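Below is a structure I'd like to ask you about.
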Amino acid sequence: MGLDVKGLELRRGRRLLASSLSFEIPNGNFMELSGPNGSGKSTLLRVLSGLGRLETGQLFWEGQPFDRTGDTHRSRTLYLGHSDGLKGALSGLENLSLFASFRELRHFEEPVQTALEFYGMYRFRDVPCMRLSQGQRRRIALCRLMAFPAPLWLLDEPTTALDPLGIERFMSHLSDHLARGGLAILATHQSLIERLRPTMQLRLGRAG
Amino acid sequence: MGLDVKGLELRRGRRLLASSLSFEIPNGNFMELSGPNGSGKSTLLRVLSGLGRLETGQLFWEGQPFDRTGDTHRSRTLYLGHSDGLKGALSGLENLSLFASFRELRHFEEPVQTALEFYGMYRFRDVPCMRLSQGQRRRIALCRLMAFPAPLWLLDEPTTALDPLGIERFMSHLSDHLARGGLAILATHQSLIERLRPTMQLRLGRAG
Amino acid sequence: MTPFSLFFHRLASPPYFYELSKPWGRVFAWLALVLILTALYGGLWLAPRDFQQGNGYRIMYVHVPSAWMSLFVFMVMAVSAFVGLIWRLRLAYAVAAASAPLGAAFTAVALVTGSLWGKPMWGTYWVWDARLTSELILFFLYLGFITLNRSFEDQQTGDRAAAILALVGAIDVPIVHYSVDWWQTLHQGSSFKGLTSEIAPAMLWPLLVMMAGFTFYYGWLVLWRTRSEILLRESDREWTRRVIGS
Amino acid sequence: MNPWIRFFRTEVGLSWRERRRVLLPLVFFVIVASLFPLAMSPRPEVLKLIAPGVIWVDAMLAIFLGLESLFRQDYEEGVLEQWILSPSSLELRVFLKVISFWTVTSLPLIAMSPILVLWLSFPVRALVVLLVGLFLGTITLSFLGALGAALTVSLRQSGMLVAILLLPVATPILIFGAHSALLASEKQNPRPALYLLATLFFLTVGLVPKAISTALKVSYEV
Amino acid sequence: MNPWIRFFRTEVGLSWRERRRVLLPLVFFVIVASLFPLAMSPRPEVLKLIAPGVIWVDAMLAIFLGLESLFRQDYEEGVLEQWILSPSSLELRVFLKVISFWTVTSLPLIAMSPILVLWLSFPVRALVVLLVGLFLGTITLSFLGALGAALTVSLRQSGMLVAILLLPVATPILIFGAHSALLASEKQNPRPALYLLATLFFLTVGLVPKAISTALKVSYEV
């Protein structure tokens, strides 16, 4: 069943970006969201995550309509936007532990360590994030997805600033997630995702 | 002759990133700077631009040693970092006009308009940059390179957030620049630059 | 290069300074000890009781030298800051950084001894007069310098930022010094005008000797502290590894 | 460890990490307090009158100056997005964030105020009233300041705006606070002023966290 | 149009664009000025004494509060990088930026001060001295504030730090300024204080832009 979106109207400010979007993503699949710059990819992800405003349209999870701003939706969703969402003054490890507190988790040391190792950031775990390079910060942000599993991923150009090895890692992580029945929507420009054929592709139109 | 770098030591904070870099980029050529996340690509570009600190190493332009912080070097160099360098409250047009004032230019309306058209941002010229999408902001930043020509480009992942059409545009812009005898150093992860073979490739090592 | 600028250049090189500072530090330390002991003897035994203040005035032998040092040290910092910014000498930054806590300490001593002296003289520990307040502000300037210097991840950035602050803050030094002339204050006016002085010679000479002693004391401490500041700044160099290794 | 406690500790720890951060408000407090005698009048009989006012204005400035950027950085780093999207109570998180701010900035400041106030020739006997007032008042002001910060988090250069939004609301607190201390110093009854202060305190602590979390959510809905 | 004039106009225009930017400091100024009588003492004979001090402290706070983020945003948006890397004079640019800030915030504030000061029972005859002092003093304070902003632009949560770095340096200006007005109001000779203010003014305007541009460069050299 997965995520089901019906008749969604996409707006940003006064600009109408798409008038009636409908799609369904079954469990274990992911959707690639493409379209020219300014076509509304980020806007759609923000709306689905609960950040942006939803004017018209209905959302269903496993066939049930749901409230985007409710705790159930929040605990099953992980959103990663253009910004990494890391506190510059805190180290990677501290940032992840802070994120664990957002999810009210008590035991997280082990998965966090595994994630840091997976993304090759274990040796940098104690460096304040503001002293990491762009790609290193992105890796820490991706560690969140690994250490705190959730069925729905909403990722906005997740591979920005990653080196080829980083992308490799992310791809294998994504395929694990799908294999476990997870769902994902990825906004991306280059269809880097050669190895994994996305089940669905949504192309948003010319910037309105 | 172009740009000549000898025995450059690359440091960031207390971290030694490369102990002795030497390379020469003849006019009309560009160098692709690659390497894993955190290997020092951005740091190298900042040092060459005059932002970062240079401890040891010599730089030559057309065979002459030069001062990185002098006006001659500045007026022949354009640097575009991870951040776009746009004021969010100002529109694209205003940002470019502000940039013209940085270069003490009086007449810039025409080249700016051409650039905005080339990068498909002419219709968005009056939108405050904070209300543009990530890729649209990047396009405005790239307009700088077109409207204010300078022989040396130092670009840090210039195609981030660009859609395929935008990348296309940038590539043809870059090849024009090279054809006119310009020089460029591009930090990039995916060798997107298939059409244009870089003359030189510098691979920085594993993150220190 | 003239011999002088050659000497200057060699001195500015951290390893050379590191070598040289050791014997000089010893000399300064001994000078300070001898001068301070002499002054104490002169001030506490030889100098007569004051007919107005009784023995209370003897706190002057601590108060005046430390007040003078509070200004002197800031000038040293401003000059080193200037040298550091213009000639990019790391040694100069090290000197400024080493001086700041010392200057702050001298200022604190001047404030405390002044307050203690104020109680019998003016009937209160503190008045908001120009000299007292500007001295207090000088203390905050020292704190600001120290804070700014430590605020950056990168020591060189901190050094240079703090150097700029020291240069701008140096404007306070003449203000502290001339405050007694510019405003009518409770605080004593300047006792030294040129080479003449109003203080009785028997009271004066220990004071002068004490001031020289304090200056050498500072000289010793600053050399000593600069050595460790240098090691900190140059810790990734070859010669420091040699020094620490040996 | 309980995740909420961990959150609180991280917030406080961020300031503790650099010990000097905690000292900053103190030094600020002292410097500003010393400005008034300089700029106004150094005479003890005048100082005594203005002392509680100075302390209160000073405390308010220290709080507002620090609060202005309370959420700013979390907003710009994208951490606030994650706050809002997390399944736990936003209100409680906001409450803890404000209290952690208060612990780090205002608590040392309250501890410092007796010294300052004596320095300004204020009588010892009114000290307890001053301290109680400051305790209630600084918490109230912190929550109000946080509300201002939340309302303006998506605006740029909002420092002044926050101050203006809040000053009218904060003024009563300031007046009751300063007056209670002044009354006590003149051997009059400070109770009524303190009760009013306490009323404002409970109202604020009860209602404002909710308002703050709504304001934060709204600032994302563009 | 001359590029420098264009730059200046853009900077001023940015504030003008949103009219409230210009109003904010004014409102702040008025509210703070009215806080003092409320928090301290409403008696005219006391007010008269503290009036110049209130105005000066108030002006200084308004300036520093606004300046704290003078370069912050340009830094975070990466515009400052482009400033530093541009082939034109950084000093001149800094100078214009500070003056544009002053035009937008302090000039209206100076225009407002006569009303405020009369409100605080200050005698009319001393008005000219107050205005001259404020003119010199606010420019000087603006440059000093900008220096503080530049020194701390790469630090986080620096509001308090800026205040602490600069208050000591700014105090002499405050003292000379407030005293000149007070002396004038008491029919004494305010000239010497004004001369000192003017000296500080010329020193600052001459030297501080250089210091600011150095500070900006330094904060990038990591």
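In order of appearance the chains are A, B, C, D and E, and numbering begins at 1 in each one.
Basically, contacts are C-beta pairs under 8 Å (C-beta built on N, C-alpha and C of every residue); 3 or more make two chains touch, one makes a residue touch a chain.
Here the structure is a predicted model, which means the values were calculated and not measured.
Note on connectivity: the fewest steps through touching chains from chain A to chain D is 1.
Counting contacting C-beta pairs between every two chains, the top pair is D-E. The most distant chain from chain A, with centres taken as the mean of CA atoms, is C.
For the pair chain C and chain D, the distance between mean C-alpha positions equals 37 Å. Work out the mean CA point of chain B and of chain C, and you get 48 Å between them. For this pair, chain C with chain E, the centres built from the Cα atoms lie 32 Å apart.
Between chain A and chain E, the centres computed from C-alpha atoms are 46 Å apart.
Touching of two or more other chains is recorded for residues 13, 82, 88-89, 131 of chain A. Counting partners per residue, chain E has 73, 76, 156, 161, 164, 167-168, 171, 175, 221-222 as the residues that reach two or more other chains.
Listed for chain C are residues 133, 137, 140, 143, 147, 151, 153-154, 156, each touching two or more other chains.
By the touch rule above, chain D contacts chain C in their complex via residues 18, 20, 23-24, 27, 30-31, 34, 37-38, 42, 47, 119. Per the touch definition, chain B reaches chain E in the complex via residues 12-13, 46, 49-53, 69, 71-72, 74-75, 77, 79, 81-90, 94, 97-106. Within the complex, the chain C residues that touch chain B are 153-154, 156, 236. Every residue of chain B that touches chain C in the complex is listed here, in rising order: 13-14, 16, 53. For chain D in complex with chain A, the touching residues are 1-4, 6-7, 10, 14, 17, 73-74, 76-79, 81-88, 93, 217, 220-222.
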